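Heads up, the next two complexes both have subunit A, just with different partners, subunit B and then subunit C.
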Partner chain A sequence: MSHDENHEHEHEHEHEHDPRAIRTEALERLLVEQGLITSAAIDTIIERYETDVGPLNGARVVAKAWTDPDYRARLLEDGTAAIAELGIGGPQGEKMVVVENTPDVHNVIVCTLCSCYPWPVLGLPPAWYKDPAYRSRIVREPRKVLREFGLTLDDDTEVRVWDSSAEIRYLVLPERPASTLGADEEALADLVTRDAMIGVARIDAR
Partner chain B sequence: MTSGPESVLLPPDGPTAPPRVNGELVFDAPWQTRIFGATVALFEAGRFAWPDFQQRLIEAIAVHEAALEADPIDGTSGYDYWACWLDAFRALADEHGWASQRSLHDMEHELEARPAGHDH
Partner chain C sequence: MDGIHDMGGSRDFPAVLTERDEAVFHAEWEARAFVLSNAYTGAGCANVDQFRHAIERLDPAAYIGDGYFGRWLGSIELMIAEANDQVIPGRYSDLSAARKIDAVPRFGVGDTVRTKNHNPPGHTRLPGYVRNRTGRVELLHGGWVYPDTHAHHEGENPEHVYSVRFDGDELWGADAEPGTSVTVDLFESYLEPT
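Right, the complex of A and B next:
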């Protein structure tokens, strides 16, 4: 699609006349006609990437834990079950352990052997998480690596690095920003970032 | 590293990274979702090597960005990642003989000729 073609069609508001939509549909039909893919396979992939996996799931878990002390207790006691209460689960989330940040303890997760990652709550891992440098250095010199992420911890804060094992996948429960006292669960979930749930960032109120 | 095919896909940052909010992919129109799904479905069916697509995406983005620079009226706000993705996919399909110029245009004309308000 050239830039000019876009321009020509700008006046057409009907979605079905968007040349990019037409082209996409034409390509899909040609691929399906040739038996290269099925439309059902496309549906499955879209669903997986768009709704099943992503850090917004983890953000819902965190926001609920912040607002519901009973849920928080259940989450720390049995992460898998408490996460499943929200309808979240699946591959790479069969055995979840949630570790809580406090003013005295900061948690961060890694998988030193490969790049195990809690897909159901965080989606697919970012590139740096899979990078050999992060995987080796976060264990050896966590404070220094966290500083490189822009997170400077007090000297008396204990850093705990959790290395995903064959089965266990960790999720960090970040500290709730003090200034969010009156915020509801939905507003809180908006504040929770992927990096905070990995443990390489704090959450700031907006 | 032992990870599934997903891990080689979709760089989280850099010029070829798709738009995301809080780590989630962002789609603004159904066709964007569709072309993304078709690309990944074809990849997972083993029909092409991901770097071949990645390279075409890099090229499409470079062409697109050059066009935007040449037309300051639209400016950078006109940046359309998924249009680049579509261009890259079309080039890949063309190269593999999945969608020749003629068959693609014929199919597009057929779809355009449908009466308005057709059911998808």
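Right, the complex of A and C next:
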């Protein structure tokens, strides 16, 4: 066995002994035994969240709003219905509100009490969104936190932080880069990032 | 209730660390704990407010140390232990939280409202940093199940929910960054007129 293989093996070994892994196995045995779920169904759902439910859904919504003024108006008026028009919905998306970034107003999303996040349009949240540092600081010093993400806002741009403390979930409609005039919906969707739809980044044209 | 989970405005956690090309799950157990937790609440063994309140009641060191999916796991384990190791599906059947209510909303868009000094020993969705603060109603969201009672088997008691905007200086005083605000979704019971 080479040194690298040995190293990898040690990692696996550590992972097997993570107490949380052992506790999860015990919970799985119990819930399978009680008939709440099967191990095969668990695999299927994991795969769905790893491949289908993710920020590509939100990017489609944003690209359509950028190219279709009527859709944009419907999206800002009733986010849930306009997102459902694209066949997107599900858990943690019961009521969606879309907030629009402009040169004057910048919106950014957080959940300080847990880590609520609009799963149907963005998938599951990244680690930093769930981290105590983001949850505690973005409400108190949003400009400083955004600068740490590489986003420096003008002093006269108003910053609105949305703390999703009930069951309403928020999606940021980022500003369309000026240089993308004439680009089609699909090309635009490729530009839209998860971070821009949370509000910790802007979108630059490639 | 006050606790480690209510961290808005805390100065205890200095640096936001981001990860490039992050995987959805960082370990197989995280993925399985995620699905198992959803299966438990999805089968109606507990409602989402009980799930969240069980997370809040974890040991603070475990809350931080076990991470996000570790907290989910801890919450389900705690609820099962409190049910004498029984798993009882069908206790809750409606997974949605929106409710049509007849009550006329007490507040309208543009109204100035003050949050109560509401800090019960049990579950609440009024964050500590917006207690006793004055803000302005931005949006009305209709009726929703009231977490403060629903988390304690005391009924749904749906109420109007409002998005209320608080200026930075109202929340943080002279320390606030200029031109910033926080908008928080609050139940009618948390609010009073000014």
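Convention: the second predicted complex is superposed on the first by the 159 of 206 C-alpha atoms of A that agree within 3 Å, B and C clash if a C-alpha of one lies under 4 Å from a C-alpha of the other, contacts with A are read in each partner's own complex, and residues count from 1 in each chain.
The criterion applied here is as follows: a residue touches a chain if its C-beta (ideal position, glycine included) is under 8 Å from a C-beta of that chain, and two chains touch if they have at least 3 such contacts.
None of the values given here were measured: they were computed from a predicted structure.
When the two complexes are overlaid on their common chain A, residue A:His17 makes contact with subunit B while staying clear of subunit C. When the shared chain is aligned, subunit B and subunit C each come close enough to touch A:Ile45. In the superposition on chain A, A:Glu94 makes contact with subunit C only, while subunit B stays out of contact range. Within the superposed three-chain model, A:Leu30 lies in touch with subunit B and with subunit C [touch as defined at top]. When the shared chain is aligned, no partner comes close enough to touch A:Ile203: not subunit B, not subunit C. Residue contacts after overlaying the shared chain place A:Ala59 against subunit B, while subunit C stays out of touching range. Of the two partner chains, neither subunit B nor subunit C is touched by A:Leu75. When subunit B and subunit C are set side by side, the one touching more residues of subunit A is C. Shared interface residues of subunit A (contacting subunit B in one complex, subunit C in the other): 15, 18, 20-21, 23-25, 27-28, 30-31, 34, 36-37, 42, 45-46, 49-50, 54, 114-115, 123-124, 126-127, 130. Interface residues of subunit A, counted against subunit B in their complex, comprise 1-3, 6, 14-31, 34, 36-38, 41-46, 49-50, 54-56, 59, 114-115, 122-127, 130, 192-194. Those residues of subunit A that touch subunit C in the shared complex are 15, 18, 20-21, 23-25, 27-28, 30-31, 34, 36-37, 42, 45-46, 49-50, 54, 91, 94-95, 97, 112-115, 123-124, 126-128, 130-137, 139-145, 148-149, 155-168.
Looking at the complex, you find that subunit C touches subunit A at residues 5-19, 22, 24-29, 31-36, 38-40, 43, 45, 52, 55, 64, 66-70, 73, 76-77, 80, 87, 89, 95-98, 125-127, 129, 139, 141, 144, 147, 161, 163, 165, 171-172, 175-187. On subunit B, the positions that touch subunit A within their shared complex are 1-3, 6-7, 9-13, 22-25, 27, 29-31, 33-38, 40-42, 44-45, 47, 64, 67-68, 71, 74, 78, 80, 82-83, 86-87, 89-90, 93, 98-99, 103-104, 107-108, 110-112, 114, 116, 118, 120.
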